[in-house]
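In what follows, subunit A forms one complex with subunit B and a second complex with subunit C.
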Partner chain A sequence: MSPAAHAFSSYDVLLLLKGFLTTFALALIGCLTGFALGFVAALLRSTRSPEMAPLRAALAAYALAFRRIPFLVTLMLVFFASQAMNANLSTFTVALVSICLIAAAYLSEIARGGLESVHRNQWQAARALNFSHWQTLRYVVVPQAWRVIVPPTFGFFVMFIKDTALASQIGVMELTSAGKVLGNKGLPEALVYGTILMLYFLLSYPLSRLGKHLEHRLAAAGNR
Partner chain B sequence: MTLQFGPILEQWPYLLGGAWLSLQIAVLAFACGMLIGLLCASILQYGPSSMRRIVGAYVTFATNTPQLVQIFFLFYGLPEVGVTLSPFTAVLMGATFNAGAYLCEIQRSGFASVKHAELESAAVLGFSRMQIIRHVTFPHVMKVMFPPLSNQFIVMTLGTSMASIFGVEELTGRIDNLGAETYLSVEAFLVAAVLYIAITLLATWLLTLYGRSVCRARMDIL
Partner chain C sequence: MPLLEIVDVRASYGSRAVLEGITLSVETGEIVSLIGPSGSGKSTLLRALLGLVPIERGSVRLNGHAIDYTSKADVGSLRAGIAIVFQQYNLFQNMNVFDNVTITPTKIKRWPRDEVERHAIELLGRVGLSHRLNAYPDQLSGGEQQRVAIARALALKPKMLFLDEITAALDPELVNEVLKTIKELSQGGLGMLIVSHEMSFVREVSSRVVFMADGCIVESGTPQRIFDAPLHARTRDFVGKILRH
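Right after this comes the complex of A and B.
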């Protein structure tokens, strides 16, 4: 039998499994919500009307700022702010809100890049056909842009999985916290953290492979 | 709830010192990571297949696991085999280990972007090997690599904030201290957020200016 099987009791394995699922749930919900918010932000930023200008500027500033704050600082900020406002949020919710905040910022930039990757001629042609802005997006731009948007989104999904490790700092029982608990129980730390690293790898490697695969498959068609 | 920034902002020399330490960690890890990345990229390009496989495994592993847990492993795991690292060293090693993999990827694709015909025409024109590297490969590679490299540097600067978890008193660590002392954690972390935005904006701006003028990289000014 391997030394790992000797070291980990069934309780430990259960703890690791729970941590694994919590990490995955944090990253998945955060990424999906962030994607939805970011996509809407990118659509709003693609408008050209002057009355939308303040909103566009605010969304641009948001995307600029939240990609430049370390995740740990965002996490602590949301954590202390929720405490100061006496909002009775669980640490899981705090971590989730933080992930959504940064995911929306990163993914809105990706979605914006995707929309802008569609050639200008396409926008102009749609306009010449008397499409409204939303019709242009719906029938011309988005069907072409999603090829550019989807592959890097997987890259960021993997990034968010790795970032959730920091949620252990505010006490969310995810994979890294499970490792800390096992380490404090007196199990060999190298073994514990080695196992944790492998579990993170198991989670993110298939996703990054899928992202690379999609990149190769979707990149072939150029937008002109 | 009223926000009081006074007691935090009063301590600006302390915070600037922390920011300086953050930048130092980022620059050191970036420089070491560049060397490791260059070595790994050369192995991927020219090395024997067994070495290539090892380097490939390193890059895949390091880019698919969290830097925080990598540092945990170094900091808590290594003492069991008799290697005790100071928090600063552990953080620096973890950041370098992580950066090496990403910088290897960037440099590999940078070198791959040099067209074979360009090297051949340089050879036909009688350039020596060193001249080809100096006048053909290097300018071309820098032009392609500079934007992702500067992006990676910004990501690493943000990543240094996790050093605070191990007790290194860089910007986040000092913000944490101030927040605990003054009971103004919200204000402290707001200040931290603004400082990080300012530092990375300044860094991006300087790197963009340098990249556009010296490396002729295509970069937008923000």
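Right after this comes the complex of A and C.
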């Protein structure tokens, strides 16, 4: 039996780097895609025409359901659904789809709240000036809604980076999985998880700083 | 042919009727003022005519053309012909003064930008705001916001103007300025429907005064007749109270 190592080998560093990049990719692609889908869902839910009512109801039901299902359950659902459909998806893709589903549900509610925070008289003025619904959103409502949308969105992104660790449950070699592998190799746990902790911090701290920066800029500009 | 003709209009919020049997017309260049106690339906009438409050019954004609409020094209042409200045100004908070005035003609009406900008500068000069082009609504006083809202409405070159309590936030000096502008505009052929609690302003500016109460028109006539010899007790009571203040 070989003696336990006390420092990372180059293989270990590569494994950590792979885990780091996987977590980064899951968080980045998942949150950006989730935000885009959630934002579009919120825009569609802001419509008032009767023809759009079934779509609005479906989007509301989707947001209601997926915000109440634990991420791990969504992950398992997507995993087994893809197997049942013989979709032959990689575990990374399964994790990414799950993240997008959850992120879109949460972010659609955040964006909807932002759009609804814009005063009713802004909508009314735009209607009286002959703006269509989409022109009202584009020129008047969305620019004013950012101030309300941005802070909780970044809060969600930071929270979600941590939740990507659950992707290890279906075998995705992300940062926490890499830590488990290195721990099982006999490396000191304090070293392994101390490093993992720093790498998670490295991912989330710049994001929360960016969020704060945008929040301050938008707050200083008022509704502009 | 009247510029605006309203016959037997009824509107309600849920089961509560807020306008009932409104019949009224405004001729080209005529200034009609709506007066009455708070909650009598004056502002609601302006909103209903613009399709912002659903009209249940009655007919509305602009320039002889009957408006079908269920038709997007009809409501669009109606709103292209009538501009409104809201009581709360309702300026777009994310845009500066200049953009507030130019956005609708450039982005919605797609008029040539050069021409729109020249017109906007001229209008903002007329309302005394040439030096505030880059200011945002939250940096302006109530009176300044009101004047931007007037410039924004005039930038659309409407056939008709609705003014909802536009003197409420103005000091007496500015009321005179607005009075002058309104008279000039009506001489230029613009029809106006004005809601105001400022009776000296109404008396000075109006061709005709309409007294409303509980969502109905009680009586209408020249300013002199309404203020000096009202026919109905309700009008007498209102005019008496308001002139005593």
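By definition in this document, the second predicted complex is superposed on the first by the 213 of 224 C-alpha atoms of A that agree within 3 Å, B and C clash if a C-alpha of one lies under 4 Å from a C-alpha of the other, contacts with A are read in each partner's own complex, and residues count from 1 in each chain.
Criterion: a residue touches a chain if its C-beta (ideal position, glycine included) is under 8 Å from a C-beta of that chain, and two chains touch if they have at least 3 such contacts.
These numbers come from a predicted model, not from an experiment.
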item	value
Which superposed partner A:Val158 touches (first subunit B, second subunit C, both, neither)	first
Subunit B versus subunit C as contact partner of A:Gln135, first or second or both or neither	second
Which superposed partner A:Pro143 touches (first subunit B, second subunit C, both, neither)	second
First, second, both or neither for A:Ile196, with subunit B first and subunit C second	first
More subunit A residues in contact [subunit B versus subunit C]	B
First (subunit B), second (subunit C), both or neither touched by A:Gln122	second
Shared subunit A contacts, counted only where both subunit B and subunit C touch the same residue	none
Subunit A partner contacts - residues on subunit B that touch it in the complex	1, 60-61, 63-70, 72-73, 76-81, 154, 158-162, 164-165, 172, 175-176, 179, 185-186, 189-190, 192-193, 196-197, 200-201, 222
Interface residues, subunit C side, partner subunit A - complex	47, 50-52, 76, 79-80, 83-84, 86, 88, 90-95, 103-104, 107-109, 136, 138, 152, 156
Contact set on subunit A toward subunit C in their complex	119, 121-122, 124-131, 135, 139-140, 143-144, 222-224
Interface residues, subunit A side, partner subunit B - complex	64-65, 68-74, 76-77, 80-81, 84-85, 158, 161-166, 168-169, 176, 179, 183, 188-194, 196-197, 200-201, 204-205, 208
